[in-house]
Amino acid sequence: MTKNIICVACPMGCGITVEMSDSGEILSVTGNTCKRGDAYARTECTNPVRSLTTTVKVDGGVHPVVPCKSADALPKGKIIDCANALREVEVKAPVKIGDVLCADILGTGVDIVATNHCPEV
Amino acid sequence: MIYDVAVIGAGVIGSMISMELSHYNLSSVLIERFNDVAMGTTKANSAIVHAGFDAMPGTLKAKFNVKGTRLMPETCKRLHVPFRQCGSVVVAFYEDQLKTLQTLYDRGIENGVPDMEILNREQLREIEPHINEIAKGALYAKTAGIVCPYQLAIASAENAVLNGTKVELNYEVEKIDYDENTKLFSICSGDKKIEAKYVINCAGIHSGKIASLIGDNSIEIVFRKGEYMLLDKNQSYLANTVIFQCPSEMGKGILVTKTVDGNVITGPSSIDIGSVDEDLSTNADVLDSVIDAARLSVPEINTRNVITSFAGLRAHSPTNDFIISESEKNPSFINVAGIESPGLSAAPAIGIYIKDLIVEKTGAALKENYEASRKAPVRFNEMTNEERKELIAKDKRYGRIICRCETVTEGEILDAIHSPIPATDVDGVKRRTRAGMGRCQGGFCGSKVVELLAREHGLNLDDITKFGGNSKLLVGKTK
Amino acid sequence: MLSYDIVVVGGGPAGMAAAVKAKECGVDSILVLERAETLGGILEQCIHTGFGLHYFGEELSGPEYADRFIQQVTEKNIEYKIDTMVLEVTADNKVYAVNSSDGLLEIQAKAVILAMGCRERPRGALNTPGTRCAGVMTAGTAQKYVNIDGYMPGKKVVILGSGDIGLIMARRMTLEGAEVKLVCELMPYSSGLTRNIVQCLDDYGIPLELSCTVIRIHGNERLEGVTVAKVDENRRPIKGTERFIECDTLLLSVGLIPENELTREAGIELDPVTSGAVVDESRETTQPGVFACGNVLHVHDLVDYVTLESYSAGEGAAKYVLGTAPAKKYISTKGVGGVRYIVPQKVNLNAGEDVKLYFRVGRVYKGASVVVKYNGYEIMRRKKPRLAPGEMENVVLKESELAKFAEGGLVEISVEE
């Protein structure tokens, strides 16, 4: 079985071909131009992951929301659930870059961290 | 509250009438269905002050145009309204149009138009170097110019407010009753009622409908739609005067000029669309035809430089003249209807004429200490650096630029929000300050204007509209 | 009047990198002027990741990328003023600016670095027919409302244009609970990065329709829908393909325009294709001592390249101030046969280093070659699996190569299939 995927590991957008056996074992990865592409293609065919970026509500900050990201990639199928879960989170100002806003989101083992500062009003 | 006079419609005509009345010992109210003044024909038209040679001698159009144009420079100066007396040229592109120029010239003389001249092609090219080289000659009229129509309406309405006129916005007149005993009109909208001894009907495209509310069905108004395109200021070199083509049945054709702000404007198309649907949409084929026609005048016009397009409706009367008279049904009800071009030019003269009529009927006296002007709006963009320094030293809010393209400061926007007729929405701020009117069309400053409106009016961001009603810009918080 | 060695107009990624580099090159007297409330520029609202892979080797969000430079500006004690708008740059490098605390500032600079960024093409520029209702805005304006102000511009969305901001906003609006019904693109290809089509549209099942545009906007007060149609090879709508899509929001992602009003008023020569200044490899414009970098020079797709370009400008400005800039001996560059433009437009043969020429192609090519010629003679040929308008390319002119060129020569880059 052959899978054609477009690498999203960086803005190059390489087209990668993955040959797989019937049992789902990866036989070869071609078309990538770097190691990250190889890794991406392997994960994408077995357990696709994505990083999540969104915002979280801030109480008493100069802005009503602060941007955040998943510290690691999340299972692709859980992105929407995690985004929805973060609607219910509210943190207190001040927030600093790297602050954990939500630990181990939905039991994925991945933390949600702030990607900007949000000082107090 | 019983008013002496109720003026229905706060376009440039209603606003100028209200201003003139407000200088007399009369109580008056200016009624408007939209949430701001200048929201109908006044905000979307060519903005031209015509010299006055178009209308047939003896018509009201001819009479009020020539008078109004004569009054315009002083009126605008007094009210701090941008006006540029740049003159106009009617261009003959073909040999057979040259005689039309003479006809127009002769008509102008008969109408009492001063300072006209017929130019040969060389003289024309000296004034308009970018005119199509096939141009054969032109009628040049020095008294013509270009004004900011909505500023003129806003300024005169503000002056009226300063002199005690009440402005009732969001008041759509649905019913008018007349009590023969009290001699009072009751002007109703929903469960609201305004009573007045005299009514002036300046309802623009709806003036026929308003007249019919007292049983006067004599006024027929057709919505004549015109579409325009506005080009970037960096194209302002393309036109010095108002460039007309030889006129036709449907009006004065496609003009090319630059607005008081320096943008090149071209239009209008001219299509009658009945009298029901207030269709303000623009159409690709119509705009294409506008550009094609504009290129006959100035071939260098390029759609690449278009920053926006818009449409307006003119109140066309099949009588082809203004209707300015007491209603046959009731002499206390005065129709000012069918005010299409040259209505803007005529506005100052119509204002005075109606005021005289009311003064004659009521015997009201001129107030001893009326305000003749309004507070001059700050225009940071037009100031020298010395003036800017002084201004910011007095009030630091004039040091914060909100609109980058037009260099409009926070102070100017706050002035607009707290003016005698406060701006309550984004377009209201735009008409008063030009914020959002530049080349980025509010891309950057739009959200800041929304913030200021929300802050000053004590509202949330998602309460703020583009132009009232349901024209909300945002639909709630993300979370 | 104040005086500084270098005044930087704009405190986004370009301005900050240029200032940092100039400081490292030994210029102490630097002032950065930023019109927004914080340093960082447009990156502050670009909360998605993907920034910095080339330069930092990690995947940062926009604010994180900006913060790295804000920290450097702070650590290096580089002076800056926020909420400050530059009104004019004169022919003798005087800068007029205004803010509410200092009032009107008059600053004499030895060198000026222009880093004002770009703006989005608005609806008016498209001349899309229809009404002028609320609910039509640029993707960047929507991005600010959603990511900074925490407000939703609408719930049912159509996006016109598949530029990166449009693609990013398609995902963003979806994650915030809106339904993105369609992304339509006038051209037969997307101008966005491929990775963004995959992870912003495909991941969420959002359809992308190429050779398709919005031909009419409906709704009196708030947007009620749009009519879209397929377009032919001349980008004209095809009769019979019109369809109405109900929506309350139309986001426009139809191109970015470098903001060169100051540049134009200063009388600096602009390149009609990039809409940015004509510069040499140090990013010096036609006005001596005035440099330009970042999106004000030409629109970049990756901020990493903005940083590198701004380092060149910062170094160039520093050398200009310190009097160590090499004598000028120019050759010019020109994009031909499928190459729309090249930056820099001219190269100083005395540059004393390898020079990278950045360029963009006019359409998508597969398996084509990039060919570099000097005065008509081929000097380089590189086979490329894929070339696309949305992805900036570059070739390097080696210092050793430059040494062989003569003043007044011409380097041309073309695409050969």
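So that you can tell them apart, the chains are marked A, B and C in the order they are listed, and the count of residues begins at 1 in each.
Rule of thumb we're sticking to: a residue touches a chain if its C-beta (ideal position, glycine included) is under 8 Å from a C-beta of that chain, and two chains touch if they have at least 3 such contacts.
Model, not experiment: these values are computed from the prediction.
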item	value
Chain at maximum distance from chain A, centres defined as averaged CA atoms	B
Chain pair bearing the highest count of C-beta contacts	B-C
Rounded Å distance, chain A centre to chain C centre (Cα mean)	26
Separation of chain A from chain B, taking each centre as the mean of its C-alpha atoms, in whole Å	54
Euclidean distance of C-alpha centroids - chain B vs chain C, Å	39
Contacts with two or more other chains, residues of chain C listed in rising order	146, 149-150, 176
Residue list for chain B, restricted to those that touch at least two other chains	477-479
Of all residues in chain A, the ones touching two or more other chains	55, 57, 64-65
Chain C-touching residues of chain B, taken from the complex the two chains share	229-230, 234, 280-284, 287, 303, 306-310, 385, 388-389, 392-393, 396-401, 404-405, 407, 410, 439-444, 446-447, 451, 461-462, 465-467, 469-479
Interfacial residue positions of chain B with respect to chain A in the complex	477-479
Residues of chain A defined as touching chain B within the complex	55-57, 64-65, 86-87
Chain C-touching residues of chain A, taken from the complex the two chains share	6-13, 50-55, 57, 63-65, 67-69, 76, 79-80, 83, 97, 115-117
Chain B partner contacts - residues on chain C that touch it in the complex	35, 83, 85, 87, 96, 98-104, 106, 119-120, 122-125, 127, 129-135, 137-138, 140-141, 144-146, 149-155, 176, 215-217, 221-222, 248, 259, 261, 264
